[in-house]
Each structure stands twice: as structure tokens, then as C-alpha cells.
Amino acid sequence: MPRPERYDSAAAAVADIPDGSSILVAGFHAGVPWNLVQALYEQGATDLVMISTTVNRPLLDEDGRVTIADLVLAGRVRKVIASFTAAPHPSQPNAAEDVFRAGGAEAELVPQGTVAERIRAGGAGIPAFYTPAGVGSAYAEGREQREFDGRTYVLERGITADYAFVRAQRADEAGNLVYRRAARNFNPIMATAGRCTIAEIDDPILPAGSFDPDQVHTPGVYVARLVHIAEGRIEAPRRTRRSGRELDLDAPEDTGDAS
Amino acid sequence: MPRPERYDSAAAAVADIPDGSSILVAGFHAGVPWNLVQALYEQGATDLVMISTTVNRPLLDEDGRVTIADLVLAGRVRKVIASFTAAPHPSQPNAAEDVFRAGGAEAELVPQGTVAERIRAGGAGIPAFYTPAGVGSAYAEGREQREFDGRTYVLERGITADYAFVRAQRADEAGNLVYRRAARNFNPIMATAGRCTIAEIDDPILPAGSFDPDQVHTPGVYVARLVHIAEGRIEAPRRTRRSGRELDLDAPEDTGDAS
Amino acid sequence: MSAEAREPLNREQVAAVLAGRLERDWIVNLGVGIPVLACDFVDLDAGIVLSSENGLIGYGWHAPHGHEDLDIVSPGMQYVVLQPGAAIVHHADAFGLIRSGRVDCSVLGAYEAAADGSFANWTPHADGRTDLGGVGGAMDLTQGAKRVWLAMFHTTPEGAPRLVERCTLPVTGGRHASLVVTDLAVIEVGERGFELLEHAPGYSVEDIQAVTAAPLSVSPSLRPMPV
Amino acid sequence: MSAEAREPLNREQVAAVLAGRLERDWIVNLGVGIPVLACDFVDLDAGIVLSSENGLIGYGWHAPHGHEDLDIVSPGMQYVVLQPGAAIVHHADAFGLIRSGRVDCSVLGAYEAAADGSFANWTPHADGRTDLGGVGGAMDLTQGAKRVWLAMFHTTPEGAPRLVERCTLPVTGGRHASLVVTDLAVIEVGERGFELLEHAPGYSVEDIQAVTAAPLSVSPSLRPMPV
């Protein structure tokens, strides 16, 4: 087996990412590679294209955690592709949205199932496909549409990127990854779509052959770099449960934010 | 959880399949739902569209096992979609091929990766996609082709069917399926593409919740019918290893047969 | 009951009302906001499967306080509990299930719902910018689910109607909503527009019509919401 | 060595020669027929991963007689052994890996190989019927793999050349072959057509040219095949 390279820190794992790179960032509440995003922020690369399900809210000034929104605010991002690019309600402003509105970065808003399928397609060598999502909305206007069996679909392109940041609970030395529960989400598909896939791993890395081959979620052939985050690991924020008539009252799809 | 219906025999599980049905048959050497195919043969439905990776050789007269080729020879098949529709060498005739040549049934020959992706697309609500397979060959002539980023691709349509026959080693009462090794092959994708998915199960069916949710290969929501084949189960044929200059000397892709 | 005593339903009550309308053996996707709160009220013994676009197939109620598992989380970041027989898939497979047509009911939140069943839930702005918003999985769900229901507040915090003749915000597209559950009413959306099926206790038809910007017809079997 | 003593390589020897040319850390797909026999000769310690289109990622040699696992089977129905670190995927994901461009080398069988690198391996008939044949994964592999090699017998059982100026059978399309390993020779296929790199022991350049229906140039470092 070709072994992925092992790194001692998230900083080392992202050190050579050049300006202008495109980067897939996995996760949705759970399974977010927070440590790699933080290391990227500290590393300084700029002119980035970031692809993730959400731009998130900027959290650096709030709790020290770094999100794509913080990269946008720092002027490091050329473009984002996401299914949450703005706040759900004007009363909950997201500072990154102001940057997009001002033209400081480009935003591409894509239905979540479409962004997932575009990434899966890119990783599977499918250049384009048709999907119904968005038909009948402003999203589909200006996009190529076509009928199959009397129903209308939108043409969508596969997505690949220079890098994919993923996070798994467990990995072996062959690079095989196993995710836990809803932390799986975008991780397996993004791992296939990155030309260089970097995985941050919660548990110590196991010898090759530690997993039942039937139970591997991401085959090691997709993983270029492994970093076990042993100490000072950044975890997902914990949300306290709310009830009653509150902030997200006006938010049909809530925030898509990690907080 | 809505529970799949439980059946006592393969015969009972396929009893109501009407003439004119389209049926996906999973497996490739391993993971073939032999018992459901046999039951279908005995059941008598005709005018069938059979979708599988291989038509196989007719085995009924040879070892009593029934293949799609036997259904073709019995005049029960209107059309097959497969990546092996004929013998690899004129010296190894497949009687089903004679039926196709004589116009007794229609054959659609599709690259194996394309047939897999068409089934995966069908099961995932994707009506059509582009793939490179076949470009530069007679396969692509007469098919719609299109360039993306300077490379040519063929348009392919998703496949769904009235029924999907799958085989799994293990199942729980919620219909969750777990496959073993290369017996996985087409099973998970076909399970998603059948409007009525019928699963034959090797081991006794377990209570719901017996599987780690992270380790389920086919979620139970895709499975309509479960049948544990307890006795007289038809298994995959075992091939004895050959060597030297032999029958398949001329066969670049060998037979694709299960024997 | 005096007009003073009447109270609109709270979020949980709205969620409970919609949960009570889900049918046996349905596969259901509960959207972010009010809809996902219904997970605490769904009759899971009736074979209903809650399935979410982030790959949880077969979850149930909210995790008890102190027992939250941060990896068992809904798209709205509610910590929930997996049911026996649950299965996990990745995001592309989760949306494959949604597009496949197997989801019996998608319950979504909305900024506005119109009398023809169209609704708006991906951007709160009518400025024509299609690059900014929070579409999430709504456009996939409205194309894939067998039916779409909405759970929302009947008015804005300022009292402006959200149930309207025609949406002023960009619509989501896809299948139209056939049912709207609000803090004031349960309304069917059909050929003839909004039909009032249930009212919040203490609210008259006129009370509800007064905060609804489209005509309400009244079901012959009008009844109070079961709270 | 007399002309009488010379013997073409057998299938296993052809497989061993091609196995010896695979490079460190390559991901390799061995096709049905002679190619898959190479699994017994590949240097797995060099990090080579054998990956097959039916979803076995990381298999190795044939299972020892009596220890075959019928579920660990190659597309050519050879029972093989999984290596530590192996992973299983379904057929669509297996072809996703192939199309993704990560497979360094696809070794296929062929009925014919032409001097421009095109080859024919999906139907033994030139009757124009595109509905009948055994395409298997060949057309996906020739589009997806970084390089395509062929392993085949140099002639038909009747002695007719299979290495030709131009294929008479329908070609497979996609990436052209860059190397052909036969029972008589190792031949590179490049800008100038076939170049003889290695010959079976006892065979002269002229012997091989005599059963090759296209001109052979000869590598300056021509050597016997390592058998």
C-alpha cells in the first residue's frame, strides 16, 4: 500500500498550500476539520477558493475558532461555493455577507444536495449531470436546463479542488478513514474530490489492517496526508438548546452556522 | 421504522411480479441473488427487461442453476442491459447470443462503469450524466456527445427498475443490509434503484438495531422485501483455477460469466 | 374564552400539531427551525422514519440534557437520538434518498407562503441577488419529496402576514406546499387556495383572516388545533 | 539454443514479466485474463495497490488452494487474498476511483493491438453489432487510467498476428496502450509505432517481426525477457 504522509501538526500538514488554491472543507456541525482550517488561517495563503456547505459565521473574535467567514473577512478568499452564504435574517448579520455585497469576494450559492452531488461527481470523474434542484426558482434562471421524460432539470458541473480538508474519528496507516455518526456528512465525498486530501484524525492512527475492509468509509488511496491532532484539538462548538419564540424565529433554514 | 415485508421463500417473495416488469439483478461472481432468479424462472413472468452486469451463460442444463441467459432462452426476456452480452470468442458460444442475433430479444451493451453509474444515478434521482467511457469507440457513435473543458463525454441516462434483486449476508428487521467483501458490488446501488427491492439474505434476520448505524451498507428504507434463504440455498459456483494456454486464451475480458 | 386569554401556539406546540398529522410508515424530513422540533412528538411506534439531509436515517427525539452526542446532530444543530435500525450515509447518498422520491413528507420553514402553494425560504431579501442566502437542502427537498408541508409563524414579529396571495420574496421552486401549520392555524393549500382546517384555541376565522393576506375558505370540519 | 528448443512464455510467465514492470506506489488495475495472473508476482512491499473494478482495493496474490473465499473474487473470478489496509467499495464507487484518474496503470487483454496504440478488446466480431460483446470495464479503464498496458498472446492459436498496423476489430477507445507484453516480447508503443524492448529467450528480432503485422523498431537496449 502507498502510505499517506504523516504529519505532526495541522500547521505542518497545510504548510505548503500556495496562494490561489481551491480547498474543499468538509463537515456540517459535526465532522468539521477545525484544526486544518485554523492552521490554514495562520499559514497565510490567500486568493483562495473555498468550497463548503456553509460559509459559517466569523467566530475568531467570538470564541477563537476560525471559520471560512474569518478567511473572507481577512481578505484571503477569492470565491466561496456554499449552500449558506448569508444570514437568514437581516437582524442576524454575518460580516462575511458584507464582504460579498461589497464585491470583496465572490459567492456562489448552490443547493446543498447539488453541492454534495457536484463534489461526488467530481471525485468520480463525472464532469456534469442533471438534477431537479433549483428548477422553478431564480437559481435555475440563467443556468442550462433540459427536459428528460417531461421533467425539467438543471445542468450542474462536477467539482474537484486542489485540496480537501476532512476530519475522521479513526484512520489506519494505509489512510483508510472511519467516520462517526453524522460527522460522516461531506467527508467521504470530499476525500475523493481533492487532488491532495488532508485528513485530521481524532484518535491515534492505527496500524494498516486494523479495520475490517467492509467497514472502511474512505479507502486510503484517496488520502495523501494524515495528521492526528493529539493535543489542543479544536472541537465542534456545543449548542445549547433553545425554546420559545427566539432569534431564529424568522429563519426557515436557520443559519447553517456552526453555532 | 417501516419494516420490510418478510417472506418465507424466494418463490413467495417474487410471486406477484407481473409480465413486462423491469428487474435489476445484482452480483458479479459473488453477491448474486441466485435464489430469486431461480424463483423468477419458476414463477413464469415474461416480457421482462433484465439489467445486470452480465447475461451470463445458460446454466440450467449444465448444473441446474438459472441465469438471465436461461430466461432469454426460454423466451421470457424482451431486453437485457449488460456489459457482457455475448461470448468473448466464437469458439465459446453462448446460446443466448444466438437469440439476440436472431432478434428474439434486444441486447444493450454498456460499459460496466457506465451501467454502474447509470444505476447509481437512477437510484439517486439523477436523470442523466456525462461520462468518458466509450468515447473513441463504436459505442459512442450515435450517442450524444459533448465537450467539457476540452474533453469529450457521452450522455448517459439513469436507470431505475420495477424490481431490484439483491443478496446480502446479513440483514436486520428494519431492512438494513450488510454485504461481505466483493459480494457488495452492484448490490447497494441496485437496492436504491428498484421501486420494489427484494433482498435474499444468507444469515438469519437480526432484530432491528443489531448493526452499528455507521456500518450499514444499504439503509433499510430502500428494502421492501426480505427473505432469509434457510434451506436448499443456491450458492455461487466455484471456479477451479486454470493455468496454461486454455479456453480463455482469446478472451481479453474473459467471459464475465459466473463459471 | 375572552380575546385577552387567547395565545398563539409556541414553537413546540406548532411542532406537536404537525407531528400529529404525519402518517404511519412515512419517511419524513424535518427542516431546520420549527419543523425539527417535531422529532419530540412524532409517533415513532407508527413506523415513521425521520431522515435528515446530513445522513441520519432513523433518528428520534432530542437527546436528554447532559446526554447529547455532538456527532448525532440534525442539520439545525439539534442533538438527537438514533432509533434501533438507524443507518448513516454520507451527504451525497442522503440527497440521493431525497431525490429518489422515497421521502413521503418534507416539512420546511418559510418566510412566506402563497395561496397557490408556492413559498419563499432561501433568502430574506428581494434584491435579486441569487448569490446570497441560505438555501440549504430546501430546493432538493421540494423537488424530491412526495409532499411538502410548511411550519412557520403566521406573521412577522411586527404582525405582518406571512401567508400571502403571492410571494414578494424569491420562491424556492419545486413542489408546492399542500399544508401550512402556524401558531394560529392549520391550513390546507389546494386548488382553491388556503382552506382553514384548524384554528388556535380562542381564535375565530375572522381573527385568522385578519392576519392572512389571502382569502381563507373554511373547512366544513373546522376544529381547534389539538394542543 | 536451437530453434527447436525455444518456447514462448506461458500465461504465468507473461504475467510475471508485466508485474516486474509495475512501479513503486502505483495503483494498478489488472484486467481479466492474463493480466490478473500478475497478482502473484507483484511486489506488494513496494507499495503497489491492486484495485479491481468490482470494489476490492488492496488485494494480493491468489488464495492458496483450499483457502479460497468465494466473496474475495476478482472480476475474472480468481479468488485472491486481501492485504492489510484493504478496503471494499461498491461498483459505482470502484469506477469512480477508476474515472478519477488515480489508477496509475490499467493492464488489459486484447484481441488486437495496433502500431498507434489503439487496440480491440470488447468484441471478437467485426460485424458492426455494437449490442453484442463483453466490454466489461475496459472502456472506463482506458478513459480513466494514467497509462494502459496490454498483456496478450502474440498470435492467435492459428498463428495469425495480433499486433497489427491497424485493428480489424472495433477498437476500445480512450487512452492508447503504451506497452504490450506478449508471450514473445515486450514492446513499447510510441510515436514511431512498435519498439521491441525485450524478446522471449531464443527468439530473434526477425522471429518476432515474422509474426508481427507492423514494423518493429528495436530498442538499443534490447534484452531477453526476465523469465
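Note that the chains are named A, B, C and D in the order they appear, and that numbering of residues resets to 1 at the start of each chain.
The working rule: a residue touches a chain if its C-beta (ideal position, glycine included) is under 8 Å from a C-beta of that chain, and two chains touch if they have at least 3 such contacts.
None of the values given here were measured: they were computed from a predicted structure.
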Original post:
Farthest from chain B in C-alpha centre terms, which chain would that be?
Top reply: C
Original post:
So, what's the distance in Å between the C-alpha centres of chain D and chain B?
Top reply: 27
Subject >> Inter-centroid spacing, chain C versus chain B (mean Cα positions, whole Å) >> reply: 39
Original post:
With chain centres defined as C-alpha means, what is the inter-centre distance between chain A and chain B in Å?
Top reply: 35
**OP:** Give me the residues of chain A that touch two or more other chains.
**Re:** 117, 120, 124-126, 131-132, 180-181, 184, 213-214, 217
Original post:
Considering chain D alone, which of its residues make contact with at least two other chains?
Top reply: 82, 88-89, 92, 95-96, 98-99, 143-144
Subject >> Every chain pair meeting the contact rule >> reply: A-B, A-C, A-D, B-C, B-D
**OP:** Quick one: which bits of chain D touch chain B in the complex? Just the residue numbers, please.
**Re:** 10-12, 31-33, 52-56, 62, 65, 68-79, 82, 88-92, 94-96, 98-99, 108-111, 121-125, 128-140, 143-144, 152-153, 156-157, 170-174
Subject >> chain C partner contacts - residues on chain B that touch it in the complex >> reply: 1-3, 120, 123-126, 172-176, 192, 207-209, 211, 213-214, 216, 219-222
**OP:** Going by the contact rule at the top, pick out the chain C residues touching chain B in the complex.
**Re:** 25-27, 47-49, 51, 57-58, 82-89, 92-93, 95-102, 143-144
Original post:
In their shared complex, at which residues does chain A touch chain B?
Top reply: 117, 121, 124-132, 146, 148-149, 151, 153, 157, 178-181, 184, 213-215, 217
Subject >> In the complex, chain B residues that touch chain D >> reply: 28-31, 53, 83-90, 97, 100-101, 106-114, 116-117, 119-120, 131-141, 180-189, 217, 235-236, 238-239, 241, 243-245, 248-256, 258
